[in-house]
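What follows are several structures.
Below are two complexes that have chain A in common, paired first with chain B and then with chain C.
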Partner chain A sequence: MNLYQNFLAYFLHCSSCFLHWSKRNWETPVFTVLALAPLFHSAFAGGLGGQITSVFIICIAALGLNVMVGFTGLLHLGIASFFGLGGLFLAILTVPMNPLEIGFLAAVLVSVGITAMIGTLLGSPTLRLRGDYLAIVTLGFGEVVRVLFLNLENVTGGTQGLGPVPPPGFGVFITGIDLGREFVVDSRWFYYLSLIMLFFAVMFVRILEKSSLGRAWIAVREEPLAAATIGISVAKVRLSAFTIAAAIAGLAGCLSVASIGTTGDPNAFGFNRSVAILCAVIIGGLGSVPGTLVGVTILFGFDIVVIPLVDAWMQRLQSQVFEINLFALGSWRLALVGIALIVVMRFRPVGLIPSRRFAAELQEAQQ
Partner chain B sequence: MDVASFLQQCGIGITSGVFLGLMAVGYTLVYGTVGLIHFAHGDVVMLGGCLALAILSFLVPLPVAPVTGCLAVILAALCSGLFCGCLNVCIDRFVYRPLRDAPPLSPLVSAIGVSFVLMNVGLVWIGPTDRAFPEIFLASTRSVGGISFLMADLLVLAISVPPLLCLYILLRQTRFGRSLRSIAAITRATARSGEAGKLIGTTFFISGFLGGVASVAAGIHATTINYQMGHQMGLYALTAAVLGGIGSVPGAIVGGLVVGLLRAISVAVLGPRWAMASVFLVLIVFLAFRPQGIYGKSKTRAGQR
Partner chain C sequence: MTSEGSMKSGNPSVLPADNPLLSIDRLTVQSGTLPVIDSLELDVPAGRRVAVVGSGRGSRAALLDAICGLRSATSGSVRLNGHRLKQAFSAKTFWGILCTGVLVGLLFAAAAVDIDRLWLAVVKRGLVVEEPFTITTVGKRLRSYFRAELAIDRLAGNWRIVTADGREVLAVRRDLSEARELRNQMQAAVTARRIGPGVIPDITDLVGDANEPQRELLLDEATLDRLAAGKRRIRFRGWSAFTFGLFLGLGMSWTIWQRGRRLPEVAASAGVARTFRVPRVFPAMTIFENVLVAVEQGVRRKSSSWWRLINKSYCIARTEELVRSVGLAHQSFIFASDLSLYERRCLEIARGLAMSPRVLLVDEPADGMVAKQQELLANLLEEVCGKELTLVLTSASEGPLTEICDNTVSLSPHAIE
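After this line comes the complex of A and B, so read on.
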């Protein structure tokens, strides 16, 4: 694997691509708009900024899942458990009640490392499994992690979660401004932090996709036997996908816990969250980075940003205009998401923005 | 734990294992014919439970004589079986069939979508809290040789075992069963022909029917139902199907019994909050050593991927 030697070269190459405007380059406009948006609207400093931050964070986790499901073709139904593990380790390393209390950056690095290791440990005995069996094992792992979170109260805090997690830059003063306090007061700090991390995650996944490792992933996905005959170690390549997916999801978990300030209810890391992220990746388009981001934005943007807005609006309308109890959108949100999933899959079975390879295959099949 | 209480836990485990097996057969039949994990199955079963609850609260408003109660339960099981069967056929017809030649993960997402919709319907139907299932025997027990067991559990066995026997006869003795067993060999392309389409429809009906019966059994066993029970039981039943070797009907039943026993024993030894984790841990360890499940066919090395 000459990935590691070429990594810097790829990064430079991609950065130069990034600076040059081209039709294929969607990142420049998207990230520019996202970076400039808070300057023009004050709502980003409050609740809306926090909601969009959590969408960014889920985007990062979904990119990790995309490495596994989209590039390598391994069905993973427990990604949220790695998200939760990353956050838990960050909390263990930083909360004041534990003796460690190391700095934010070090804690993130350590917890991402541990999460990646756990991913590798889960991956190594299960490489022999065929597709759907692997899916069930990852599902089971996710549930085991959730139950451990709930039951090991003295380590994880049980249903209460572990907290308070100090914000990044806690205790750091720059020209008299307490950075930690700024992070708590103004949600734009976390907005930018997660936007930058999302940008790096997108870059990282793109670089990987173009590297020899990424091509090996796709070869293994298409036909493991053929990949093995040209000298690709199928087991190693799959294991690397496991590790990288776990690491990226762990990073997302760290950001989430840091922005909320506590690990929260472990049930949020269960099967439902994993499945929702998987659905976002698939309706966006498997193996497609912009597709993943679009899928998460639609699915989680609807759930996190739109539903509260619409509900608040409905309530205002109800109290002002009607006496009768209006049909509350919130109680049907699950069904709305479900119908959206069914409809998208019915009319765009390869996803909203399919990767070029899948799109080409579909055209071939239709001709 | 002494022998008597161990045997008692085994009794509970076998009872829950039988209806988990019924559900697992649903997963396995669908997987065997269309190669899809029917994620909405648990929620179909949950809706069957809701219907049974409605029927039973209509028929048995007050404590009644056990015989009448049993008849009402059997009627409810039949109704909810028919309802779940038809629901499953509709899901197949309108959601899965248009996706027969889509990429393999697309029907999975549709299945998850259906599951969300059904769960929401259940939430609106019976509300967010646990609903008590009408108790026919009011926790009366019989004791044989020091092992006491609930009469309700006997009722569970009485309504779950006959459908399993019928299924066995159907699969072994009839032309339909032979075609069903051979359809696993049919490729995705031929699954679109008319004959195969009918067969797939029938499979979905049978799996739904068994699920409906299982929902009544589960309601009696647990004495409550809620809108998330389909999700919970679905995970256990899916585990059972995978443990037995997904696609194999005897495997699903054996898997159901194993999962039921494991759950009952871990509830007794470790406490209820560890039940799910221990079942899944056993599954992971077992699959690491025997990747194709108990009854699954071992693939050749080249195909093992």
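After this line comes the complex of A and C, so read on.
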């Protein structure tokens, strides 16, 4: 029995659990519904599918952040910069402007690898920092990346971003279907791609959580001194969390850039995005995988999916009834998100779906 | 066989002990400027149990902290089986520090030679003049950037002769072949100027109004000098930044390594386990997991393969055994935050034993325990430690816990002058 076998066995176990319905198995119903939904509603082929896809992508990034903030207890304020870096490397490797133009899958692997390496490089000198100090470093790094994106115009395309990024499967024909064209025309392709990636990310994080590394993360989070005296190398364990968070966020960035088709304005990878993802993780419940997904779905789903729908409906209603536009919810969305944050933190400080561990730790702190 | 502590500096008592497992030599620990431990000598042979009493609680805690690396000693040394509890300088360390230095140097150099312009010169320029991307052409373009040679670029149908970094446009031509020829002429003049005085070439360009065209010399003396100095400038920038970054990186990683040499995890890997006066259990893990995480670390450390594979079923069996041995088996799946002080102390002992240490340091086990619990704890320690394990415990006073020890070391109260 070795680690690889453990990993494989656990993965098979998880996969078989997927088919087994039980009270605590939330993945099966959720992923089944999400996988079947597009078959019953044609809106998924259009704008709605694209919107939900971007929520999935942010879910993946938030899972990465959860590894660092939730499991290891290191405050990370620059997750969006890793999101952006992953996307940038994908774009550099695939856009027709650049000579490399390698395939999507290879480009994703390479850019996730490079992002993880950058995470390690950033992490290694900052490992002895803790709490607020590390937060400041990651905050600074996020801003540095954003400014570099803006200023390295030849490499990153400056404010306009690099594009057009060819869709996955560009130039691949399967039984007469041009896969690249399908990805552009029908947003259900991206929907399923990001759903599968989300599923893998969830499985990956859960396997890590239950592995010896995951236990070491939690030990370091709770009592770094005691963890060190039982032989856990605190610096290495923190560094591994840093690296894995960067890699997962990089993967999300790759998917995002591929689905939009360009890296876009680098300001989108700035502090605001980082904090929004962090808020989603905290609302959902630190250290809890379903909580993270729920938090992102509520915050970003509200922002990306619900607001446009409600606004369109209200516009129609108002123009029919009052014949003028009185009110648009879109201009109030940030205020609504802020109020939701305050309410959740007041009445459920451990998050909407808290992990049992965090509840135990809070109880310990209150005693 | 004797072990004894002495606080008298200058006259340490050197004691005969055949192969002491733990030997402390002239250990001094300062708190601020005052020593809490002053030139302590202590030898503990393998398998012996020692109780440290006397002096203040701070001194006793400082002794254990200094042994397990939570606190750095001002002077003196701690040895386990003749080896200092410090990370040795290995080939891995050497290569790690060197690679970090080179990497930081390269990052600095990339910033100094302007990575954005480098990308422009190597990737983008090849695209506009439609050169194939092979290793040869990329290498050629890279070399020409670092030699600050002139290059050809395109803007809106015109071919421009530019400096390698694209900052300066020297001439514009409508035709590519014409532009190439002009570029070669200019480059020859620049190269000649670089080596010797050279001559100012008679290359002129039409400028000004179409009705009143004027011929202007493209390369006057000042421009030629500036272009000729380009190579030296970029080389100087690159190398100085690289050297600066190299030394910075080497210094940084050396410092980080030096400061991380005497960390608790180093002592723990050598086989020193400890418990704390106020038990530090992991509250959000179950009792089982609290012990399992330590077992896994112990197994992982002993694993010979580079990937550090661990045997999961063995870990679980060993954890079960340990949890049972300290009498917590009936509640092994509740969170440690729900335990009483006595149970936490038992859990800490189990966790300390989990990494199969050679020395167990127990800090003030009697603290906060009633007499009954002290007796229970003494029995427990005697049972789980067996004959092999070396035990060092500290205590404020004599009691059932010091009675299980073979020797009692008294730290004389330190006189503050």
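Note that in this section the second predicted complex is superposed on the first by the 351 of 367 C-alpha atoms of A that agree within 3 Å, B and C clash if a C-alpha of one lies under 4 Å from a C-alpha of the other, contacts with A are read in each partner's own complex, and residues count from 1 in each chain.
One rule holds for everything that comes next: a residue touches a chain if its C-beta (ideal position, glycine included) is under 8 Å from a C-beta of that chain, and two chains touch if they have at least 3 such contacts.
Remember, it's a predicted structure, so these values are computed and weren't measured experimentally.
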Request  = Check the residue A:286 against both partner chains and state whether it touches chain B (first), chain C (second), both, or neither.
outcome  = first
Message = Applying the document's definition of touch, where does A:230 land relative to chain B and chain C: first, second, both, or neither?
response = second
Inquiry  = Contacts for A:98 in the overlay, against chain B (first) and chain C (second): which applies, first, second, both or neither?
reply    = second
Key: Touching partner for A:150 - first (chain B), second (chain C), both, neither   = first
Ask   = After lining up the shared chain so the two structures overlap, which partner does A:79 touch, if you call chain B first and chain C second: first, second, both or neither?
value = neither
Query = Where does A:245 make contact in the superposed view: on chain B (first), on chain C (second), on both, or on neither?
reply = neither
Task = Tell me which partner A:125 touches in the superposition: chain B (first), chain C (second), both or neither.
result = both
Query = Touching A:360 in the superposition: chain B (first), chain C (second), both, neither?
reply = second
Message = Under the stated touch criterion, which partner chain does A:141 make contact with: chain B (first), chain C (second), both, or neither?
response = first
Note = Where chain B and chain C land on the same part of chain A: residues 125, 128, 151, 225, 234, 358
Complex contact set, residues of chain B against chain A = 31, 37, 95, 98-99, 101-103, 105-110, 112-121, 123-124, 231, 235, 238-239, 242, 246, 273-274, 276-277, 280-281, 283-284, 287-288, 291-293, 299, 302, 304-305
Ask   = Can you name the residues of chain A that touch chain C in the complex?
value = 1-4, 6, 97-99, 121, 125, 128, 151-155, 212, 215-216, 218-219, 222-223, 225-235, 356-358, 360-361, 363-364, 367
Inquiry  = Per the contact definition, I'd like the list of chain C residues that touch chain A in the complex.
reply    = 68, 70, 103, 115-117, 119-120, 123-124, 126-127, 133, 252, 256, 259-260, 263-265, 267-269, 273-274, 276, 280-285, 289, 292-294, 296-298, 300-301, 307-313, 335-338, 351-352, 354-355
Request  = Mind listing the chain A positions that touch chain B in their complex?
outcome  = 69, 75, 125-126, 128-130, 132-133, 135-137, 139-141, 143-144, 147-148, 150-151, 224-225, 234, 271, 275, 278-279, 282-283, 286, 331-335, 337-342, 344-346, 349-350, 358, 365
